[in-house]
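When the chains are written out, they are named A, B, C and D in that same order, and each has its own residue count from 1.
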Amino acid sequence: MRFLALITILMVGGLLFYGTPDFPAWGDPESPASLHVSPYYIEHAVEDTAVPNIVTAVLADYRGYDTMFETAVIFSAGIACLFLLRIYRRKSTTTRLYRHNLTGITLRIAKGGKLPEGSAEFERIDSLWVPYDMIIKVTSRLVVPFVQLFALYVIAHGHHSPGGGFQGGVIFGAAIILYAISNDLRRAFRRLNEKAALLASAAGVLLYAGTGLMCLLLGGNFLDYSKLADLLYTDAIMARSHGILIVEIGVGLAVMAVMVSLYYNLSSAGRHDEGL
Amino acid sequence: MESLLANFLAKYNYWAYIGLVMIGMYAMIAKRNLVKKIIGMNIVQTAVILFYVSIAAKKGKTIPIIAHGHEDTGHHAVQALDYISPLPHVLMLTAIVVSVATLGVALALAIKVYRQYGTLEEDEIAMRIEEQ
Amino acid sequence: MSAHFPGLVIIIPLVAAFLILIGALLDRRLAFPLTALALLGSLLTAIGLLGKVIQTGVVEYHLAGWAPPVGIAYRVDHLNALVLVAVATVAFVNLMGTRELVKGLFEDRLGPFYTLYILLIAGLQGIVVTGDAFNLYVLLEIAALTGYALVGMSEGRAPLSSLNYIFIGTVGASLYLLGVGYLYLVTGTLNMADLAVRLPALYPSKVVVSAFVICLVGLCIKMGFFPMHAWLPNAYSHAPDPVSSLVAPLVTKVMIYVMIRMMLFVFTPAFAFDQMAISEPMVWLAIAAIVAGSFMALSTRRLKRMLTYIIVAEVGYMVGGFWLGNRLGISGAILHIVNDAIMTLCVFLSAAAIISKVGSDAIDDMQGLFKKMPVTMGVFVVAGLSIIGVPPTCGFFSKWYLISGAVAAGQYGFMAALLLSSLINLVLFFRIFEIAYFEPFHDHHGDHGHFVSAVQEAPFEMLVTLVVTAVLLFALGIYAGDIVSQIIDHAIPVGIT
Amino acid sequence: MIWPVDLIIMVLVMICGIGAIMVRDLLGAGILFGAYSFMMCLLWAIMGAVDVAFTEASVGAGVSTVFLVAAVFRTSRRTKD
């Protein structure tokens, strides 16, 4: 196997190597790749869309269709994970573990019995050993809101600085994942449960595609935001800028929800009872 | 010899990406552990992204965000040569998303395989299949 | 409205995917009708598009209102429109036919299943329509990801084969992406039409040559062409039945379409056939694929596995036919894309019906099936005859074009391989017919091994779709001449004789 | 003399990549893969691809690593090669 692998990678390497001597030198501003289409973006992005961050302008407007499918890819990954892993089980016969918060004594209740949820003195814990981790919990409680705020900033400020819907969505999702890791999965469900995550992911992509459809209904081509001008009470250029913001919000919503849902499914192997 | 060395140094990004593709593919073919293969797959994908980012690079130019984009100081011409080309960056954002999506699905399948055979090693899985 | 057809073909299933998921959260039973509605809409749009293309020629659609090469453009010519209709038809027919099966298999996850199903179709249709090389990659990945999930959702060896499918598929897609990157490096554009304009000046460049080879290797991996076919039989034969009857007819054929599109309309025939001079080796590889596929099919006693090996051979037909490089061969390859999609659908659907009744996919368990499932077996016979290539079924006509193309190109080896594979297919299918016709039925669910004569057919809607596909096979055969003269002739660039 | 920085990072990328596939512990491999992604993100930031680097920092080094660790946690750390 190792020999076969070596031969294959040498062949692939040779194939890739063959073309390289004819490449333009690295960092050459005059290389053909930089002279045909991309100057158009650099020179016209601001006047076409009023977005100084050219990457955002190209991502959400000039090549917005790619981005819609990129969001659809991440959405389908979320659905795929759910489809593959989720185990729907009505009644749980597993044993549950509870900790008495004041004394640290652990109770083990076998065969589906349970203490009432939300009691102040007892806390349900995962079956693998979980220490009483006040420092982690308090720190994460401190960090999570700021991370979420930063995520919103990244989404909203994608027009002017690096960032945008995708990055912001991932950061927002990461904040929720942090919450789920530092506490436990059940507590995260109380904030954002499975159905809400699914709904949010579908709604996010639908917001994107719906904006495109709206443009189509208003007489433009699919995703031609300039046709939204009358709806948004602005001129065509600002309409493009606002259209970009709308779809970035959609992307952010979808990505956030999908990241969380992927984490839920992977960390509990589809059972949705115990996480990391 | 001089020119060869200069040629080598001028394109070291491209050599690096070829190296990474080879590392990733080696892991995908020679390693028998499924998670190792998944990591190899991701290395290949990031290597491709490195290639695209290297295409976009321009020595000594600035990032593709137009400075003072919102001060209406008349029509100051934007010189395309001053900015790094944005198009490959856009494409690679998409590629990163694709790679994380693939990672998620692959890990889900790996968990499913583990649930079924109790191991992640390909040769042990083959043994389990033989036993059945 | 008809100006928006190229966009709508993709947008309808895409938007429907999210609505299906939301609808299924409310009520599980909503999933199927929504999917059916969306796919029907998409199919009608595709047919409308084909009609429009036949009347007025190439249809362009600029997404987001930006003209190419700045924006992404759809460019629908005769080739796209034909393949598009085939994809939409297979998707819709398979959906209708497998309703009961899906309900039985994925009872608790109907919403995700249909969401993935329709996203797969949206991806495949997008691949067919798009005129942008990078957009194609994104759509390729969406089709691939949903495909992995659908293939992996079964007990037994399915997850493992799906994981291997992911590894190989990702390598193929990454290689394709690299090839596009090489092209972008020397031309600075991603639009296919623009690439075709800018490439001829650069043909001597080594970068273009390696881009060509990398793209071709990547696509060959994705389509399961002979030396890289190892993932295909495992992935398709272990997949759940309603999925394999969707994935098997579509994915490889769409990949072959992508190869034809890249070779003819991006690299142009002058480069692909004349300068690269790889026609000869590609045809020989195709011959190897046909022979190997046929013999592997002969060596197995499992129905679905046998059919997947036949697919390996069929891929050889189409790739070989294309690389013959003359008008007859390419016409045969394109016609065979359509025919083979319907043939494979028909044969996999009837296999699904048989397996769900018999409870096993071993050929030896199929005794007495003609008595038990007369309609299903009748359709299976029609599909088998079509794969063998008996007139007036459609399989004969595409094979005829391929063989005459081989004669015109002087590739007698390819002709011999085609005839040999027809012969082996004859053996394969008549072996099944014999067991199913002459030997009495053994019920594998119960322990009584005696003769059962009662008719126990597949569900009604499955029978209807089976009969529809069988009729389609004849119809495609009868109208083969028209399809070639009205559509395919316009699809091939004028320079090829 | 700015260029050695990215050469050094490139060497680190290589080392992390090789390490991720060589180390005989899947959790370690996952963490090394996170380090690899982060080094890669630095490299892209140096090349001026800030958006790509930002995405890779949040996706590759952040969420992907969490996914890998979660999957390893749900399966096993053991690996033979």
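The rule we apply is simple: a residue touches a chain if its C-beta (ideal position, glycine included) is under 8 Å from a C-beta of that chain, and two chains touch if they have at least 3 such contacts.
Fair warning: this is a prediction, and the values are worked out from it, not measured in the lab.
Student: Looking only at C-beta pairs that count as contacts, which pair of chains has more of them, B-C or A-D?
Tutor: By the number of C-beta pairs in contact, the winner is B-C.
Student: As a quick test, compute the distance in whole Å between the mean CA positions of subunit B and subunit C.
Tutor: Distance between chain centres, rounded to whole Å: 29 Å.
Student: From the mean C-alpha coordinate of subunit A to that of subunit B, what's the distance rounded to whole Å?
Tutor: Those two chain centres are 18 Å apart.
Student: Measuring centre to centre with CA averages, how many angstrom lie between subunit C and subunit D?
Tutor: A distance of 37 Å separates the two centres.
Student: So which stretches of subunit D touch two or more other chains?
Tutor: 50-51, 55, 59, 63, 67, 70-71, 74
Student: Scan subunit C for residues touching two or more other chains and write them down.
Tutor: Where subunit C meets two or more other chains at a single residue, that happens at 134, 138, 141, 145, 148-149, 152, 159, 178, 184-185, 190.
Student: Can you list every residue of subunit A that touches 2 or more other chains, as numbers and ranges?
Tutor: Touching at least two other chains: 16, 21, 23, 31, 33-34, 37-38, 41, 53, 55, 59, 63, 66, 70, 73, 76-77, 80-81, 84, 162, 166, 262, 266, 269.
Student: Of all possible chain pairs, which ones touch?
Tutor: Pairs of chains that touch one another: A-B, A-C, A-D, B-C, B-D.
Student: Show which residues of subunit C lie in contact with subunit A when the two form their complex.
Tutor: 4, 7, 11, 14-15, 17-19, 21-22, 25, 61-66, 69-72, 108-109, 112-113, 115-116, 119, 122-123, 126, 134-135, 138-139, 141-142, 145-146, 148-149, 152-153, 159, 178, 182, 184-190, 198, 205-207, 209-211, 213-214, 217
Student: Which positions of subunit B touch subunit A when the two form their complex?
Tutor: Residues 7, 10-15, 17-18, 21-22, 25-26, 29-30, 32, 54-61, 63-67, 69-70, 77-78, 80-81, 83, 85-91, 93-94, 97-98, 100-102, 104-105, 107-109, 111-112, 115.
Student: Hey, which residues of subunit C end up touching subunit B in the complex?
Tutor: Listed in rising order, the residues are 134, 138, 141, 145, 148-149, 152, 155, 157, 159-160, 162-163, 166-167, 170-171, 174, 177-178, 181, 184-185, 190.
Student: Name, in rising order, each residue of subunit D that touches subunit A in their complex.
Tutor: Touching subunit A from subunit D are residues 50-51, 53-55, 58-59, 62-63, 66-67, 69-71, 73-74.
Student: Within their complex, state which residues of subunit A touch subunit D.
Tutor: Counting only subunit A, the residues touching subunit D are 53, 55-56, 59, 162-164, 166-167, 170-171, 173-174, 177, 181, 259, 262-263, 266-269, 275-276.
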